[in-house]
Amino acid sequence: MKQNTKTILVAGGDLRYVYTAGMLAEHFSVYAVGFSRAVMPFENVTLLESAGDELPQCDILVLPMPVSDDGVFVNAPFGRQNLSLRGLLGAIKPGGIALGGKFGKTEKLFHESGIPTVDYLEREELALLNAVPTAEGALQILLEELAYTICGTRILLLGFGRIGKRFASILHALGAKVTVASQDVAELACAEMCGCRAVPLRELSEHAGEFPVICNTIPAQILTASVLERIRSDALILDLASKPGGVDLAAAQSCSCRVVWALSLPGKTAPITAGEIIARTIFHILEERGVS
Amino acid sequence: MKQNTKTILVAGGDLRYVYTAGMLAEHFSVYAVGFSRAVMPFENVTLLESAGDELPQCDILVLPMPVSDDGVFVNAPFGRQNLSLRGLLGAIKPGGIALGGKFGKTEKLFHESGIPTVDYLEREELALLNAVPTAEGALQILLEELAYTICGTRILLLGFGRIGKRFASILHALGAKVTVASQDVAELACAEMCGCRAVPLRELSEHAGEFPVICNTIPAQILTASVLERIRSDALILDLASKPGGVDLAAAQSCSCRVVWALSLPGKTAPITAGEIIARTIFHILEERGVS
Amino acid sequence: MKQNTKTILVAGGDLRYVYTAGMLAEHFSVYAVGFSRAVMPFENVTLLESAGDELPQCDILVLPMPVSDDGVFVNAPFGRQNLSLRGLLGAIKPGGIALGGKFGKTEKLFHESGIPTVDYLEREELALLNAVPTAEGALQILLEELAYTICGTRILLLGFGRIGKRFASILHALGAKVTVASQDVAELACAEMCGCRAVPLRELSEHAGEFPVICNTIPAQILTASVLERIRSDALILDLASKPGGVDLAAAQSCSCRVVWALSLPGKTAPITAGEIIARTIFHILEERGVS
Amino acid sequence: MKQNTKTILVAGGDLRYVYTAGMLAEHFSVYAVGFSRAVMPFENVTLLESAGDELPQCDILVLPMPVSDDGVFVNAPFGRQNLSLRGLLGAIKPGGIALGGKFGKTEKLFHESGIPTVDYLEREELALLNAVPTAEGALQILLEELAYTICGTRILLLGFGRIGKRFASILHALGAKVTVASQDVAELACAEMCGCRAVPLRELSEHAGEFPVICNTIPAQILTASVLERIRSDALILDLASKPGGVDLAAAQSCSCRVVWALSLPGKTAPITAGEIIARTIFHILEERGVS
């Protein structure tokens, strides 16, 4: 992608968006607002100190994930002042576009103003690339929690989607003996091809007791009380599924196993990479729309 | 290995030796002394509370690494009372043997009493197997220290011995771009075969500035002031070399790069595995001597 | 899967179906017809010598891929007599089912008789599992054709679907430097995560000249005259795309590069595995329909 | 390595030495003799048609492996005329050197003339690098011989030296279940670290019957009659050990298993790479001697 004359305004978001702005600035004129309390290490990003009428007119507005918690102000944990969505609307040039992750009810606001929105969280490449920092973050937790090596350890992995595949591949390379449980025969076939043992999810209870480490990636309560009571007392359960998670936490308390529930790993363990992944996805969206 | 009628006394050592004792107890009658302040999770290990004349007569005495700091008492950080080496000598049956890691000047004591000693630290399989927990510990440090993923990161690895090979293999599997520097052409050939880029160590200064992560495994001061001044200011240096280490620490302070000097990783990050590795090595030594 | 009282008739197909029958016979009563000129190494498969009214009544009829070339007789290259589809229809019990790969116009015949059909070629797990023998067959061709090692060789892979992913993973493990070209940004993201270099397919012409080996998996004529004229004269092109293939063969003749067009690799290079994959897929289909 | 003013004469050898000469010519003035019946694709290698007094004076004489079969003439299968070693001696400048693979009794000839010799076959990096084409050649044989995929196949590998390690790594990456048998506990430890199952060689007879594929790399008759009679009748034995090989061939004939004895794989399956490995080793030797 060549240098471009379009202007991008990155408004709000956590530390990842500092790096998103920095990477976007390699090809666009980039302004950032809502980062007054963060360090901005990129000289070619123009940091705006406050919100309101001083906002520059931009072709592309980049919003965080989620765009807003209350539907009124943009989600900007590193800003000093509230950033109203209505104010940001006024900063978009005619013909401009708004990109964000999960617009929810704020989408209506943009559409009423005739501004098209694109949800970058729905892009396949973002989900795929995020599996890398998620798997590395999950690996870090295992390395910190376990008093034995991953090499040689039997690990049960629930689910074999994007994250499961990446995590299995890493664990396998480290020498773990990985068993994958899934209810999808194609996922099980894929798991076997990757050197894992594969068992149907319906047989979970029969196998759960064999493993010192169980890692869940399925967004459903898979580790129910009846499964948990079969688990080794020294087992570590790592839950990577988003809310409400895959573990019956009440039941887990009554057995002695440790449960680590890890949410939003990319932003926590690798904010630079996570920010760059958002920027790469935005590049793709803009290229496909001819803005490049 | 079948169950055996011989008796082993494990005397002193850090937490690893709890697991060494536990694993030895699968095949031998095992007593342990010097662990009063540790938890002993193995029922078939007989824990002795104090030292002295109450020690059982044993065929094999297992001592820690190093055997002793002062040449008088055994190295027993989890014991409540001092354990004298002379007292332990008296617990060895005629025809018995003492196994330890680095006997140093204490070796004389055993030989004067006609007790043969074997240093398990000199065994190739122990060094090889310890490369696994060392590499996993080094990986944990990188995951904790870096704000970006290992996948895609250019990493310079100095040395390609046992630890270097294992660490490179793990980093490569995680998607890092690994460059190996060594002065040994066979090591460089091996590094290339493993998917790494290989550069002669004499060209280190020319290349050092390309890498955000530099990991040293060579037991010599390789990262001198003149190399360090070429390094990226945001670089992380991970030194896995034992004392005196591979980094000119004074020079490192004057440049802004972070240095993490990681010693004795197996015992710290994976004491269970590290203890089992000692036990496995002891099994091999005993098998070779016909005690099995 | 437990032993089952249902009866399966395997009618026709190439050598793979001998192994399909053998694996099905581990759980069902299996008859096979149309294999008079093949060796049947499975004692628990009842081999029928001729077709017609002697056929046993079966619950499940297993047909080959494709089911028939002419719409009248089943595709049975190892049979001595023609096997008419109408005759096979009569062998299916009421409530029975016919499984095959590409029914085409013969589907009408079954539906007129009220017999449901399932095309196992449309199953995701079959396509996934077949990527393994396909990639191994492609690897064999490279090993046979090249006078240098795969380790260290720059290979351009067109497409990163099931076969592309598997082949890239194998080539990468062997030490090749793999570049993936695709027009799908998610495929490119995935390729990078797997340690490959990724380039957009629209830049193919710019890069094609760098590679001594080019492997195509995209079912479209990607290697056109204008791309081929940029290719190294000593390049090997391996085309894994099904008819009409991905190479402009006329243009390829005018440049001096070698083209190997490899079709139906699973059946050719690993008939045993290929037959077992069909059997496994049939087990899944039957389980899902409650026939187990 | 920079361009050099020294002159090299490559005398004899099989096709590999064509590529050795080509690679040496990137840095030296290179003449080649003894290749009249081969194609020399390198313009900067001066091909000499005949032997004798017309030979140019050279600083370095490169001889093949083995140097000579009869002690009189150099081993030159692609030459049209005999090349006498005495004649080649006269082509070496004062202060020159002769490099070859296994001089044997010809070494005396050189030493009598005051010409130092270096045997490149004794170099560690050559043996290491040759493990790559050997393992790829062994893989090609398995792919050609087996009617099922390597993925999922249980393979027994005897020995875990340079070739065993490389072959195991490739087979493991392809998805085989590799068991390593060795009498060296360090090799067994290393095999386990690489994801293989490890068994002591003394238990070979107990395990031999489990494997459809057995590959030997140990240069001793390991597969004796008593082991062979335990082997599966459909097993494939691949022997990579040099003469006299690891299989009791007489006993193997009486059981029905297939035996493939593969010798000198690098030169056969990847002559280009094999020739380049010789050239790289020669570069290292010359660098160490200051000729660079």
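Read from first to last, the chains carry the letters A, B, C and D; within each, the first residue is number 1.
Note that in this section contacts are C-beta pairs under 8 Å (C-beta built on N, C-alpha and C of every residue); 3 or more make two chains touch, one makes a residue touch a chain.
Every value quoted in this text rests on a predicted model; they were computed, and no experiment measured them.
Chemist: Select the chain at the greatest separation from subunit C, using centres from the mean of Cα atoms.
Modeler: B
Chemist: Once you find the CA centre of subunit A and the CA centre of subunit B, what distance in Å lies between them?
Modeler: Centre separation, subunit A to subunit B: 37 Å.
Chemist: Can you give the whole-Å distance between the Cα centres of subunit B and subunit C?
Modeler: 50
Chemist: Could you pull out the residues of subunit C that touch at least 2 other chains?
Modeler: Residues 132, 151-152, 175, 193.
Chemist: Counting only chain pairs that touch, give me the topology of the graph as line, ring, star, complete or other.
Modeler: The chain contacts form a complete graph, every chain touching every other.
Chemist: Across the complex, what residues on subunit A touch subunit D?
Modeler: 151-152, 172, 175, 192-195
Chemist: Write out the stretch or stretches of subunit A touching subunit C in their complex.
Modeler: 123-125, 128-129, 131-132, 166, 185-186, 188-190, 193, 280, 284
Chemist: Write out the stretch or stretches of subunit A touching subunit B in their complex.
Modeler: Interface residues on subunit A, with respect to subunit B: 132-133, 136-137, 139-140, 143-144, 146-152, 169-170, 173-175, 269-273, 276.
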